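Heads up, the next two complexes both have subunit A, just with different partners, subunit B and then subunit C.
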Partner chain A sequence: MNLNTVDPAWAWSAFEPSGESPWNRAAAAHLFRRVGFGASSRELDEAVARPPDEVARQLVRGERASPSVARDFEALADTVAASNNPEGLAAWWLHRMLHTTDPALEKFTLFWHGHFATSAAKVREADLMLAQNRMFRTRACGPFEKLVQAVSRDPAMLLYLDSATNRKVRPNENYAREVMELFCLGLDNYTERDIQQTARAFTGWEVRNGKFKFNAFQHDTREKTIFGQRGNFDGDEAVRIILAQPAAARFIALKLFRFYVCDEPAPRPELVEPLATMLRENDFQIGPVVERIAGSQLFFSRLARGRKVRGPVDLAMNVLKALETTTNTKRLFSDLSALGQGVLYPPNVKGWDGGRAWLNSSTLLGRANLVRRLVDDSKDRFAGGDLAALVEKHANSPTQAVDWLAELLLAAPIGDEARNTLAEVAQNKDKPRGCANLVHALATLPEFQLG
Partner chain B sequence: MSTRRDFLKAALGSSAVVALGAAAPRFLVEAAARESNAQGETVLVVVQLSGGNDGINTVVPYGDDVYYRNRFTLALEKDKLHKLDDYHGLHPSLGGFAKLVDERRLAIVQGVGYANPNRSHFESMDIWHTARREPQGRSVGWLGRYLDAAAKARDASAPASDLSALHLGGGQYPLALAALDVVAPSIRSVDQFKLQDGGDRRLREAIEKLSATARPGDDDLLSFVQSSTAAALASSRRLQDALGKYSPAAKYPGTKLAQSLSTVAQLIDAGMATRIYYVSLDGFDTHSEQKDAHASLLAELGDAVKAFVDDLAGHHHADRVLVMSFSEFGRRVRENASRGTDHGAAAPMFLAGGKVKPGLVGKHPSMTDLDDGDLKHHTDFRQVYAAVLKNWLGWSPAEILGGEYAPADVLA
Partner chain C sequence: MFLASPRAQKFRPRPWLIAALLVAAAFADSVASPVRADEPADALAAAAEKKTAAELLPAGTILYAEVSKPGELVDALLNHPLRKRIEALDAYRALVLSKPYLKFTFGVSVAETALGMKWDEAVKTLAGGGVHLGIDAHTQGGVVLIRATDAQKLAEVRDKLLAFARGDAKKKGQGDPIQEIDYRGAKAFKLGDGYAATLGPWLMLTNKAETGKLVIDRVADPKETSLGGKMEFLSARNGVGEKCAAWAYVDVATLRSAGLLAKVLQDKTDNPGAELIAGGVLSTIGETPYATLAVHLDDQQLRLVASAPHDPRWVKKPREFYFGPNGKGAAPIALHPEHTALSLTTYRDLGAMWMAAPELFDEKGNAGLSQADSNLSTFFSGKEFGREILGAFAPEWQVVLARQGFATTSGGVPDIKLPAGAIVFRMKEPEKMQRQLKVSFQSIVGFLNIIGGQNGLPQLEQNTERLASGTVISAEYMLDDDAQRNNGKIYHNFSPTVAVVGDRFIIASTKQFAATLVDAASTPGSTGESPSKTAAPTNTALEIDAAVVHKLLDDNRAQLVAQNMLEKGHAKEQAEAEIGTALEVLSWFDKASLRLATPSDRVDLELAVRFKPAESAK
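Right after this comes the complex of A and B.
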């Protein structure tokens, strides 16, 4: 079985645990890693005691989210944004990812941040970045059309794309182009004329004093022709026409597939089509599609498990959550930036390419060094004690420690030779050091880079 | 056999290589990769002078009275200049450059700029970084475009081993390196290339063993990560060994630029496959009390580059390394009322290394035929880029620069 031969009907049918693909701690760890940011040993135990479809649904829908925790995060964000320090805001977001009671929502938000990439390096205003971040969170699972319409009014995005003014005498095509190329359709699914006409529909959409403003004097009220439809369209109507193109649902479905299922190889169109159909028939609701993915046979199969190069944020969060520890997220932000994923600072409007592009000799060593630092940092606490005590609670021998940690941290299985080598690393008279070395060595495994 | 391209050309004939592209037989590609690591490809080291270097007080037109009339407090004494001929002299602090000129290892390209010069630091730096006069298409840099194109031509299944480019020394990430597909890391120091194993030999050996074993061949992604990890550990070890044993063939000054360049020399000598290094020297925005500040910046520049080139020569790398320095603009001919100079236009660029066309290239721009008080350029900076791309990096300049620019005659 491979991605080119897999039957789409089977792929998206509900996951049925089997001897080959059981519902166990490793399967639950995969679910938590992909849909959220990983899980502790206790969370895995709780998950496998319940049916997988129920666990997946609750996770994607955020049914266990606490509104009061969310309110606390929002209050904290206001304080951070008031000091106009976008890096502080990035640290706040990492803190939220780590401690949220609704990890799937933060994962969605990270997905949209990469999709509608906007960098604080150019926007510079923390309150605008925060407003955008909140907008992604609010609209993350809902109809995609509403999300694109909100993005089209988003001051941070418009400033980032130099579209803060769009006048009828000289329409700015920048935003119209990105709406088609990067946000909704992908290359080769529109013409230059569609872009020019769409730019006219967005004329008069401005940013004034950090707020969106519709300037009726600058709006071009004449007829436009977009994808063959004629009318005096405004930006919202243009978005509706764009999303009615057959390519739109395929484009978004493929992007979700790459984010939640696997980096490579590219799936054949028939495999993604059921997701695209679901989008089209369901008002472009995003949440249900992700729920379908996360509860599917394909998602729990070896075609998806460990088939992504995980990004720096995913990797760090997995380690912190699995080891039940915390860290200074300001420092973490700077480490993650060095590894290529500074949240709120994507490299360009395309966002992070992901996949193999995450890795080079500097980032591979840097990833292991980051894990070493997280483990060594004396300010960190592991489930309220030291790392050795946490490991000993779950493992009676070095080999058991290897297996326990591998289940928490690795998506791909490792061979016996690696297991033995790791057990030798764990074997150390200085127990805390042995444990730290073990986690460090695990973090250098090629398997560790996959998620 | 200096590059993989050359190797394939020699092995198959150039048209065959073009036709084969990424489908070149694996054994040839691998052999070529080994070849290039052993022999070393050409390397470009960009030294950015941020703030707008006063070219007129760098390469001084001392043979022109107009210079002395316009630089009433800043004019440099004729006797202290390093004279290049009876018109041009290098700033007294540029002793390092003067020696490089004597050794035929420095090219001074005069009058470099672009049409309708922009005098904003930000805009002009973007123009130099992206090689685009208009704001469109400025999300990628000129070197980034080259990196993307070169990466596309490489075998996609080859391990992500050494970095194709590296920004060193901290500070703002240069837009010049921004690419769509390739990520050129920015590191403050080589510590980021070290596995922090705390000197624990047993741990280090275990770690190397863990990634040394090839993973099942049918798992393409895992095989890629495994070979990349093994390569990363190997190059980090190579680097650590080199850093431990490396003995510079020149004495570097204690300045930040010199320290960055000395690191670059070690990386080159360690056999890293990195082809582009990028370092910066900031502080050239000398609007007031320019004299001492400028003198000290030029001393930092000249002495660091001189030590770097000497060091490379001592390790037999001088002929495959090219240093290129630029600034976003020069400065106004007439000094201002604060014993400083304001933003100008055309200025000289410097190219150093064993393969440059030594000495002055092009004339000093006229000191009287000015554009709004500034020197007029006669060489577009993209002509210098074109020469570097075509004759140094072996790439078609038009593709990268978005137009045809006649390569400047700067490389021997």
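Right after this comes the complex of A and C.
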């Protein structure tokens, strides 16, 4: 069975554990890694004690999220943004990813941040980046049309795409082009004329003193023709018309597939079509589609597990979550930036390429070094204590330590030879050193790069 | 030469055991076991007993430090009022229950058992005559000399510890961990990488055999030159007026001739800031023979005084900006408005420094200043910034920071509450200068409005107010009706202002603070010559009020907690507890001050930290 032969009906049907694909700690770890950022050993134990569909549903819907924790994060964000340092805000977001009670929502937010890429390097205002981040979080699972309309008014986005002043005598086509190419339809699904007409619909959409402002004097009120529809459209109506194109649902469904299922190969259209249909029939609601993906046979099959190259954020967060680590997120932001994924600082409007692009000889070394730094930092705490104490709590021998950590940190199984080598690495009279060496050695494995 | 036996190298004693054994070994019976008949150990001991630590150290000692009364220092620390406050901290209670602390206390109790006395009693008995450290330039070794008060008691301790160590090694199947070595009638012991020997009441510990030999040589041969015989050292020692807890001497001339200070004594620097702060002191270091440091501790304060001989002629003309002509420049009387957190008064002739730039700074430094001169002249009607603007101010000036209250302001309240700051100059020709400076202020405000407008900041509106004693020209942000977006912004900390009162020209970060300083400058006693100008001129005086700093930090508690959470990964409660502890510790202090003064023949740098009495803390 492969992606070219898999039956779409089977693929998206509810996951039924079997001998070949059991519901166990490894399967739960896969679910938590993809939908969130990983899980601790205790969370995995709790998860396997419940049915997989219930775990997936609760995770995607954030049913176990604590509103008071979310409020604390919001208050902390306001405090951090007061210094107008976007890097501090990025550290705050990493802190939230690490300690959130709603990891799926943070993963959604990261997904939309990559989709509607906006860089603080150009925007420079921490409060605008925070407002956008909050907007992604608030609208993450809801109707996509509302999200695109909110993005179209978002000051950070308008500043980033130089659309802060869009005049009727000279419409700025940047935003209109990205709405079609990158946000809603993908290449080859629109014409230059569609872009020009859509740009006219967005004229007068400005940013003044950090706020969205509609300037009626600069709005082109003449008739426009977008995808064959004629009328005096504004930006919101233009978005509605764009999303009504058949390509829109397929484009978003494919993007979700790549984010939650696998990087490559590209799925055949029939495989993605059920997700696209679901979007069209449900007002482009994102949450239910992700819930279906995360509870599907395909998601728990070998066609999805270990079939994505982990981005630096996923990689670091998985280690930190699994080892119940508290760490300096300012430094973590700096490390992640060096590896190419500084949150709030995507490289361009296309966001991060992802997939194999994360890996080269330099980043491979850097990823292992990041893990080494995390386990070596004397200020980091693991479940409130040191790493050796945490490992000893769950493993009585070097071999058990290898198995326990591999289950938490690796999406793909390792061979006996690698397992024995790792056990030798763990064998050290200096137990803290042995544990740190073991985690570092795991981080150097090819399997560690997969999520 | 001390030689190590292979057997001894196999032994890996624990650190506490090394310390205890070195003490014990020092009191081994070297005195009773002379190797050479012509230098009996008793005579060696008697000779050593008459010598001071400085007389035992070689003349090439570049660093000497002493705690002359360790027992008193231990008592002072154990009975210090701060001790109870430290013990009352939650963080302290958590510390004493932590594994590392319990390990440490276990180690101490093992050592106490081996010594047969409590640790504080051991300090008084074994080191009652003082603890001294010397670093020798020639052998590049360090020596610790400890003088005991009760040799008999220590001999007993020695026997116990030696027996304990040897028994412990035997139990582990290891050889004798202590290697005995004889040198000129003195018996020395090698343990691990360290050496110990006893010389009468002296215990000598050293990391180099050659350095230890130099000490023994000074006991055995009275003709050997010592640190205690050096004129410079004697002069420095005599200068220690009052009793101090610790004292140190550095042979600056030797350090200089060895090239160790070459980097800090370069002819020219690329760092104007460093030159401004330390230029004159570097001139002193370039010529002075030695420097000393005295540490004073009592219930009220901790005081550190660094001193060095100084001659105003050592300061070359380009650096005259620092101490003034003939070294007589003195800091002005400080304005001290309410809620002052920090006050820095100084004598620095900024105009003279700017004009001496070609002699003071390297190419990079000069390029930076030229660029700044060119840019700044735009705001000062094309005048030369160094000569015509900075040169128009007297060299005595003050920087002052104070906590500001936001409740009374009509604008928004910033989330990050910064202190108000000001710099107070005196104009040489007030009538001529104040118009120029007012116009320049207008230009700068206009420039800020253009830049601010491009960045979405509100505009600054200029106002002039004539008070009874002076004029205040302020620039306040014009806030629009979007209070929600504007509230919390950091710019609410500022309303750039200049003020003129008499010959004083004040540049302040807020209008309120400028007005407060105008009032302060008008009160009797705020003008005239500094009283320190005639006696021992105070070149620079910095004073920090811990209570106000505490309030400033407390104003920004949420920020500090947030930073702690992000930097340490702490939960909110944990971060709040840590910041709470830090603020609690800060509340124990009253004031901190730093004073650079030039009495007749030396430079003194004094750092003092005053503790708040327990009842008034918080």
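To be clear about the criterion, the second predicted complex is superposed on the first by the 451 of 451 C-alpha atoms of A that agree within 3 Å, B and C clash if a C-alpha of one lies under 4 Å from a C-alpha of the other, contacts with A are read in each partner's own complex, and residues count from 1 in each chain.
One rule holds in what follows: contacts are C-beta pairs under 8 Å (C-beta built on N, C-alpha and C of every residue); 3 or more make two chains touch, one makes a residue touch a chain.
As the structure is a computational prediction, the values presented were derived from the model and not from experiment.
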- Task: Tell me which partner A:G340 touches in the superposition: subunit B (first), subunit C (second), both or neither.
- Result: first
- Task: Give one of first, second, both or neither to describe whether A:R50 is in contact with subunit B, with subunit C, with both, or with none.
- Result: neither
- Return first, second, both or neither, reflecting whether A:R268 touches subunit B, subunit C, both chains, or no partner chain. neither
- Please indicate which partner A:R170 is in contact with in the superposed arrangement: first for subunit B, second for subunit C, both, or neither. neither
- Superposition-derived comparison: subunit B or subunit C, residues of subunit A touched: B
- Task: Report for A:R381: first if it touches subunit B alone, second if subunit C alone, otherwise both or neither.
- Result: second
- Query: Now for A:Q449: first (subunit B), second (subunit C), both, or neither, which partner does it touch?
  - Reply: first
- Message: For A:R64 in the superposed arrangement: first (subunit B), second (subunit C), both or neither?
- Response: neither
- Does subunit B (first) or subunit C (second) touch A:V80, or do both, or does neither? second
- Task: Sort out for me which residues of subunit B touch subunit A in the complex.
- Result: 135, 139-140, 160-163, 178, 180-181, 183, 185-187, 192-197, 200, 202-203, 206-207, 209-211, 213, 215, 220-222, 224-226, 228-229, 231-233, 235-236
- Task: Can you check the complex and tell me which residues of subunit C touch subunit A?
- Result: 414-416, 456, 480, 482, 485, 488-490, 558-559, 561-562, 565-572
- subunit B partner contacts - residues on subunit A that touch it in the complex: 162, 263-264, 306-307, 309, 338, 340, 347-350, 353, 356-357, 359-366, 368-369, 372-373, 412, 415, 417-418, 421-422, 424-425, 437, 440-441, 444-447, 449-450
- Mind listing the subunit A positions that touch subunit C in their complex? 72, 76, 78-80, 82-84, 88, 91-92, 95, 98-99, 125, 127, 208-211, 325-331, 379-381
